[in-house]
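Two complexes are shown next, each including chain A; its partner changes from chain B in the first to chain C in the second.
So, the complex of A and B:
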């Protein structure tokens, strides 16, 4: 469990702002920070990692105190078991992929983690190449692998996917979900992409001018629009078929594939892979017993 | 998805169901929901609300007379339409806004729908969802 209660005065474009946050994150939870730029998301990650100082507050991780301004406790960044991945890959240009990973090893650390990460992130073919020879998505895979070398407990991702194209973004999301589960990480992502948030997060914390304006599951935070719908599901679009002016949208809900009729105006913003909310009046469904 | 904006003018509750009357300009539209003013903060008289209904749930009638159980009857005129082999989509002018109805091609032909025709659009009370106004 991460307990995060901090205050910090920030200079923002519109003057002084007080970042005033109080939240908890469970172990192995995937949490997204969502909010306009300047709302305090990056500063939150920086305070958690120890790169920025808070004016006041406490941070405890699994009952270990990382920060307590009253008791003058402040664990230095290198002692916090945190990995931080930014939009900027920050790879060493003169080192190969493998060397970039090896450089992150702690003294005396078992080197098998390098092989494991190269395999897991599908970087074996690229391991002897230099960053300049890699695409943006490949560089970000290397940055992610390097961040995991020291086996962190907490993974911080500050818009790591915003510079890569849509297809690569979807793939990188899968890599992140995979490592999140495999290494039992507690992951905190900063993202503006609602489909991405639905796909990845257990919980969303919405920041507004330094305060938490809303938090909950992605469904709770983003789908309150249709308030009276009692028959609602979140699914993923598998296929969109056009039949004249009608569209048939094939959606995966849990393990079931369903089809929904939609109009052109509704499918305008929809793409395959998008998370969508399916809602119907509770009066429509027909219920029958299944005799086995 | 059709969307109209209005204000709640009446709420009748029985058990966990509420019949909500929404005034959309000068036309009253009713919706039934599994909520009550106790369970849902948006169920308040004078609250602005959006009513949402599917194009395929909009019944069309022309020069209709006689009794009918459908409660929501909206006087519209035909703005435009698209014809398919099986289905037709009709865009309707309703007050200062538009919404659509999708009916079968057979029904479209029987009604002999043309642009600017006056039609009554009808929607069952239990086909209307409510969405908050934000």
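So, the complex of A and C:
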């Protein structure tokens, strides 16, 4: 169980802001921090990992105190066993893929973890390459593998998927889910992508101006009215076309483009670029096997 | 025939100065690049002073400081039996001060050009700051360090004003090539002056040629540097 109660004054673009957070995360839970840029998501990860200091607060991890400003306890980042994947990957340019992983080994640690992670992340072919020769998705896999070498309990991901293309993103999401289960991690992801959040997280914490505005399962947080249907997807509006009396809304779901018919009153609040929930209540979906 | 002693002395001075400065500048540049102290601008200004001060000013103050007539020189003389005016060790100290920005600035810029997340990633992998410096930071600023080494070496070879003030022109002790050229011209010995000048000229050109070709190769093999 992670207990996180923190206060910190931040200088944001719109002036001073107080980051005031209080949340708990269960063991092996997959949690996403969601919110506009500047709402304090990255700072939260940095305080948890010890890279930034909090003005006031307590952090306990599985009953071990990492931070208690009243008792003047502050564990340095080196002592907090955390896997942290940076937005810019932070791979060491002077080291090969394998050397990046080996660097993370603790004194006397069994080296078989390196082979295991190289195999799991499908990096064996690339192990002697330098980071500069890798694509964005490959770098991301190296960063994830390197972070896991020390066998931490907690994985922190700071928008790791924002810089790679859609297909790579889906693949990387699978890698992350795989290691989350395999190593029984407690994972905290920073993400803007609602589809991604639905796919990956058990719980979402929404930050707004330094405060928690909502938390719960993705369904509880993102669908304003409860939909009883079990058949639902999240997508993004690409286009809204008028045709006679009705409107056709073109929605991107995953990597498929879907056209949905809507009435004028339904599209009132909708704009291009909006994230929407597509659900079907009345009909029973038909399932057919696809022969390839 | 010319005397080769000044050439040997020049190289010895440049070599000693470069080694000492490299050892001093790595921690100093690291501190200047990452310290959050506001007062570090003062240190930054002091380090860069030799860039704008005439060498004769620095030389003059060092001459006063080193002189056994004054407190610091007297202290060294009495307790350590060290005399820094008109001696080779004095020349080395003066050169170290005079060439400081040529070593510190490239290395400091090298540190600054690295993403901060490299350090943070290393700390989160459980490594100390020293280990991070040696294994992650320094190997990724090789080009900046090489630039610092070459600039310092070449700059020390080209030194004149400070050397003249602190060292004078004592054969085999403080008479370096740049001073020797001046002496030969004063004595109307244009032939010897020509040879010394030619050697320095060729040397400076070859050094810079090496730096640029090495830098070129670095940037081709590793786009990150």
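Definition applied: the second predicted complex is superposed on the first by the 224 of 292 C-alpha atoms of A that agree within 3 Å, B and C clash if a C-alpha of one lies under 4 Å from a C-alpha of the other, contacts with A are read in each partner's own complex, and residues count from 1 in each chain.
Going forward, a contact is a pair of C-beta atoms (placed from the backbone, for glycine too) under 8 Å apart; a residue touches a chain by one contact, two chains touch by 3 or more.
Just so it is clear, the model here is predicted, and its values are computed rather than measured.
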{"item": "Touched partner set for A:261, first chain B, second chain C, both or neither", "value": "first"}
{"item": "First (chain B), second (chain C), both or neither touched by A:132", "value": "second"}
{"item": "If touched residues of chain A are counted for chain B and for chain C, the larger one", "value": "C"}
{"item": "First, second, both or neither for A:94, with chain B first and chain C second", "value": "second"}
{"item": "Touching partner for A:146 - first (chain B), second (chain C), both, neither", "value": "second"}
{"item": "Touched partner set for A:178, first chain B, second chain C, both or neither", "value": "neither"}
{"item": "Contacts of A:49 with chain B and chain C, given as first, second, both or neither", "value": "second"}
{"item": "Residues of chain A at both interfaces, chain B in one complex, chain C in the other", "value": "none"}
{"item": "Residues of chain B that touch chain A when the two form their complex", "value": "1, 31-35, 40, 42, 52, 54-56, 82, 84-85, 87, 89, 100, 102, 126-132, 134"}
{"item": "Interfacial residue positions of chain A with respect to chain B in the complex", "value": "224-230, 243-246, 261, 263, 265-266, 279, 281-284"}
{"item": "Chain A partner contacts - residues on chain C that touch it in the complex", "value": "115, 117-118, 120-128, 135-136, 139-140, 222-225"}
{"item": "Contacting residues of chain A [partner chain C, same complex]", "value": "49, 51, 76-84, 86-88, 90, 92-94, 103-104, 106, 130-132, 146-147, 149-150"}
